[in-house]
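Heads up, there are several structures right after this.
Shared between the two complexes below is subunit A, which has subunit B as its partner in the first and subunit C in the second.
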Partner chain A sequence: MFGRYLMLRLLLAIPTIFCVAVIVFVLMRIVPGDPISMMIPPGASPDDIENLREIYGLNKPVLDQFLIWLNGIAEGDLGRSISLKLGVGQLILNRLPATLELVILSMGIAIFLAVTASVAAIRYKDTLVERVLDTFTGVAQAIPDFLWSLLLLLFFGVILPLFPITGRLDPSLSFDPITNFYFFEAIFTFRLDVVWDLLAHLALPSFALAFPLAASLSRVLRGSLSEAMSQDYITLAQVKGYSRLEVITKFALRNALIPTITLSGVQFAFLIGGTVLVEYIFSYPGLGNLAISAVVQRDLPLIQGLILTFAVMFVITNLLIDLSYALINPRLRGR
Partner chain B sequence: MPTTSVFKISSFSIFVIVLLGFAALFAPIIAPYDPMAQDLKNSFLPPFWLGGTSEHLLGTDSLGRDLLSRIIFGARAAVYVSVIGSFFAALIGVVLGLLSGYFGGALDALISRLVDAWMSFPSVLLCIVLAAVIGPGLETVIVAIIIIDWTRFCRVVRSETIVQKSSDYVSAAIIGGLSPLKILIKEVFPNIAPLLVTLLTLEMGIAIVVEAILSFVGLSSSHIPTWGGLIQEGRLYVNQAWWLMGAPVFCIVVVVLAFNLIGDSVRKRIDPVLRA
Partner chain C sequence: MKNILEIRDLIVGIDSIPPTWILREANLSIGEGQIVGLVGESGAGKTMVSRVILGFTPEGSRVFGGEIHFCGSKISDLNRDSRPFLLGKEVTYIPQNPMTALNPVQRINDQMTDVLIRYLQLKPRDATKRAVSLLSEVQIHDPEKVLKLYPHQLSGGMRQRVLIAIAFACNPSLVIADEPTTALDVTVQKEILGLIKRMQSSHGTSMLFISHDLGVVSKICDVVNVMYGGQVLETQEADALFSAPSHVYTKALLSATPRYDRPGDLLEPVSDRLVTEMGKTILSWDKRAEACFYK
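And now, the complex of A and B:
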């Protein structure tokens, strides 16, 4: 039963991705300006230009270009980047791990901050602590991650130079990873100096991504926590003599976490989108940074490939969220 | 959850917004220098409290242009874009929201699916791609704001219209023989207008950030100073002259907070449930 549901959802994901592919392709064709004109050296002959058009397939009719592109995707080939002169698929695969590491760390920080803040606000209800936390939550949510990046960069990268503000890893560290998951590889090979340096580079961008997210998560978590606190089993735990903090963390939190987990799934997808600017600001070599340079360079194959990648990531995330609902609540499987 | 509880917000917000509006309207009069005038002998002057001169209160940039004047003209671009962008986003969102909420059925299903699909894609990415497609310029930023943010209005107005539709005064208007169009304009719209004010205030803050983002990545006009453009330039020299980036970032943060807090307090004032 569950297997059938899974199959159905996977099949439904294909038309969604196809639609995104069509939209992306059409959008990119109405861009004014010729991508070839960006890459020719001054004084190139018309023959050279024609040659380049042929190499990138830009001399063919639009429909043919689309079919070639689709056919390529089906074979796992996303075309060649015009500005970087490398395979788009390879470029994306090289950059993806850096973005995933950033996103996972940010999510971890956001959940930690949200849980700590909500538990503290409930524990110290109606005191100054709660009001201060309220203010922090309000400010953290009002300021988007773009501005948090700039603020953190200024205060903890420049005025107080505690953290590096560009890149992913100090090039003077001799580290030759086999994969691009630097962080995980460094942990498994016990390169603690590398782990430390990676964390220092990740600190500012991941906190910038985590703050607004932590604020919205903690609002939901606090709501469900205070609801849970009025339940009978909480009164029972209090009668049994557990301290207030124990009552919150051992009994209320477990039940209150479910809505927060579902929300963090939704937010995870948006976090991937948020990395675009944050990576650009910190010159972090991930997908987002690649996306901005592709847009600025009008690199059509690369933009198409990147947007498709983002779309696939959203579809997968949404699919996982829906599947987790179905696992929790069997009644939803029929839908 | 009240954010207004710790310090008095409303007066702060009003002060910031009035100041912003004033700077935008009278930029050519109050700016001490031409924002584009270069003075290469006086480049990278620090602000006056960091050892600069009182002639350039916030210092100068890499080409010796006066930072304060550039900030003031940047406020003009930000206000221009966010007022026009928010207005048209609201217009589209309200019209579609009213129709969708009032008539329901297939029209509602169509508009709702459209909104869902729209909102499931991260707006920053959509915005950047869109701006790249249209080509750089202030108008591009306005179009991007409208195309991305009409959904915010549409969703809220739709659900509010559904609530209003079931109320007695609408039934009375239907019995009275008013056409649906008249009911929407004369009966439903005035009742959702207070809500719209809140949404518009919040939207202004968002639009200012969108403008900053697009000019930051170089997709807004490069011929006039914009806050995002100033941040982009400042980012290049952040290790020598952090104030070049610091000043515009400070302005945007303060303005965004002001709009958010005013949105919050307006919502509290007009929503009796929250007020209690």
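And now, the complex of A and C:
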């Protein structure tokens, strides 16, 4: 039953990803800018340019190019990057773990902040605490993540140099990982110095990504928490003698989480978009940074591969979110 | 007979100018082991009485006069934390609507055992055992299976049985039942009333039974209080109330209620004249009270 549902969902994801692939492919060929003109030395002859076009298959009709690309994907080959002269798949796999670490940490921080802030706001309803939290939420939401990056960088990287402001890991640490999941590998090999350094590098970018996200999550969570608080089962919990904080965390929170989780799926897309600028600002070697250089270089195969990767990540996240509904809400189980 | 709860001349109002009076010198006492009924139309103040006892009063409400005693100790304010009893252990509550009163995301087992673990310090396993016996007490078949279910998997009558079992779980000294059968259909209603009565006598609990239904009250209560406009107009033993009501309002209410034992009787609506009369009495009380508290 469950396995069948999972299979169905995965099958349904294929048309979604296919549509993304078509749109990206067509769009990249409509917008002005040519990858070849970015790489030729000054004074190259028209013949040289034509040769290069042929090497990269850019002289063929768009439909042919698309079919060749699709065929490659089916065989697990995303093509070769024009600017970096490396396999797109390999490039992405090298950078993906860094971005995943950043995204997961940001999401974790955002959820923690959102839950704490909304529980506190409901617990201390109609008091100064609620008003202060209102203000903070407003500010956090009004400032976009790239501006948060600059602010955090200025205050906690420059004025108060608590955290490193560029890169992923201090190169002076001798750390030879087998995978690119530095964080997990460092934990499993008990390299606590590396773990610490990774976290220090992640701190500023992940908080910059987390603040606006936490604010919008906490808005929704607070709304559904205060709605839950007026339900009959909350009255029963209060009459059972639970304190207000217990009533919120043990009874209202789980019921209120469902709409919040739905939103966090949507927000995940913004989070991936956010990593592009934030990684660039902090010179963090993830997919976002790779995406920016790919766009600047008009590196068509690389851009296509990256956006396809983002689409797959989005589909997987939403699948996980749908599965988590059943975990939280017993009324949705067994359907 | 000792009284578990005594409310004397209690005046409660929302603290505005002029105050909105909710209870106007209400008197009520609940004797040990008794089921005390509280009847009245909507807005009479029935639910407010239960909220005053439990400590869940609307924001801004305040005691203007009168006294509340629970087992001899005086409760002087409406603050929940100053109750001389453990809410959920010594005083419990059966809600009106069983469909919405249970937490939809928790198994029945967790919703029943939490009070047992919290107040009787039982281990989870022993608490589950006790929950099983409580469920068989409220006549739920296959209690082990029901404990593993979620509320949406039970019918309304089953849920009300579970809620009754929760209310009696820690052998409370007072159970407040706020219209516990109003949301149920008539056949289930009868079973649930019988069940509440049985549970009450086997646990030796006192009970405040709130209802707007004189028929229901006549079946279950030892003593009945008739409320109107925040006052208790009449307190009588149940039999006496129905055979010889003394207050005109009670008489009017009774002649407006169909009776199974006298099927030929004509029903008479409560007359407009009586309603106006009683409205005037309340208004003059309000004037006196305002003069008293604000001058």
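The working rule: the second predicted complex is superposed on the first by the 286 of 335 C-alpha atoms of A that agree within 3 Å, B and C clash if a C-alpha of one lies under 4 Å from a C-alpha of the other, contacts with A are read in each partner's own complex, and residues count from 1 in each chain.
Everything below uses one rule, namely that a contact is a pair of C-beta atoms (placed from the backbone, for glycine too) under 8 Å apart; a residue touches a chain by one contact, two chains touch by 3 or more.
This is a predicted model, so every value here is computed, not measured.
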item	value
First (subunit B), second (subunit C), both or neither touched by A:10	neither
Touching partner for A:245 - first (subunit B), second (subunit C), both, neither	neither
Which superposed partner A:22 touches (first subunit B, second subunit C, both, neither)	neither
Larger contact residue set on subunit A - subunit B or subunit C	B
Touching partner for A:310 - first (subunit B), second (subunit C), both, neither	first
Partner chain in contact with A:62 - subunit B first, subunit C second, else both or neither	neither
Touched partner set for A:296, first subunit B, second subunit C, both or neither	first
Touching both subunit C and subunit B, counted on subunit A across the two superposed complexes	none
Touching residues on subunit B, where the partner in the complex is subunit A	1-3, 5-7, 120-125, 128-130, 132-133, 135, 205, 209, 212-213, 216-219, 231, 235, 238-239, 242, 245-246, 249, 252-253, 256-257, 260-261, 264
Touch list for subunit C against partner subunit A, complex	54, 56, 86-89, 92-93, 95, 97, 100-105, 107, 114-115, 118-119, 150, 152, 163, 166
Of all residues in subunit A, those that touch subunit C in their complex	231-233, 235-242, 251, 254-255, 328-331
Subunit B-facing residues of subunit A, complex	27-28, 30-33, 131-132, 134-135, 137-139, 142-144, 146-147, 150-151, 153-154, 157-159, 165, 219, 222, 269-270, 272-274, 276-277, 280-281, 291-292, 295-296, 298, 303, 307, 310-311, 314, 318
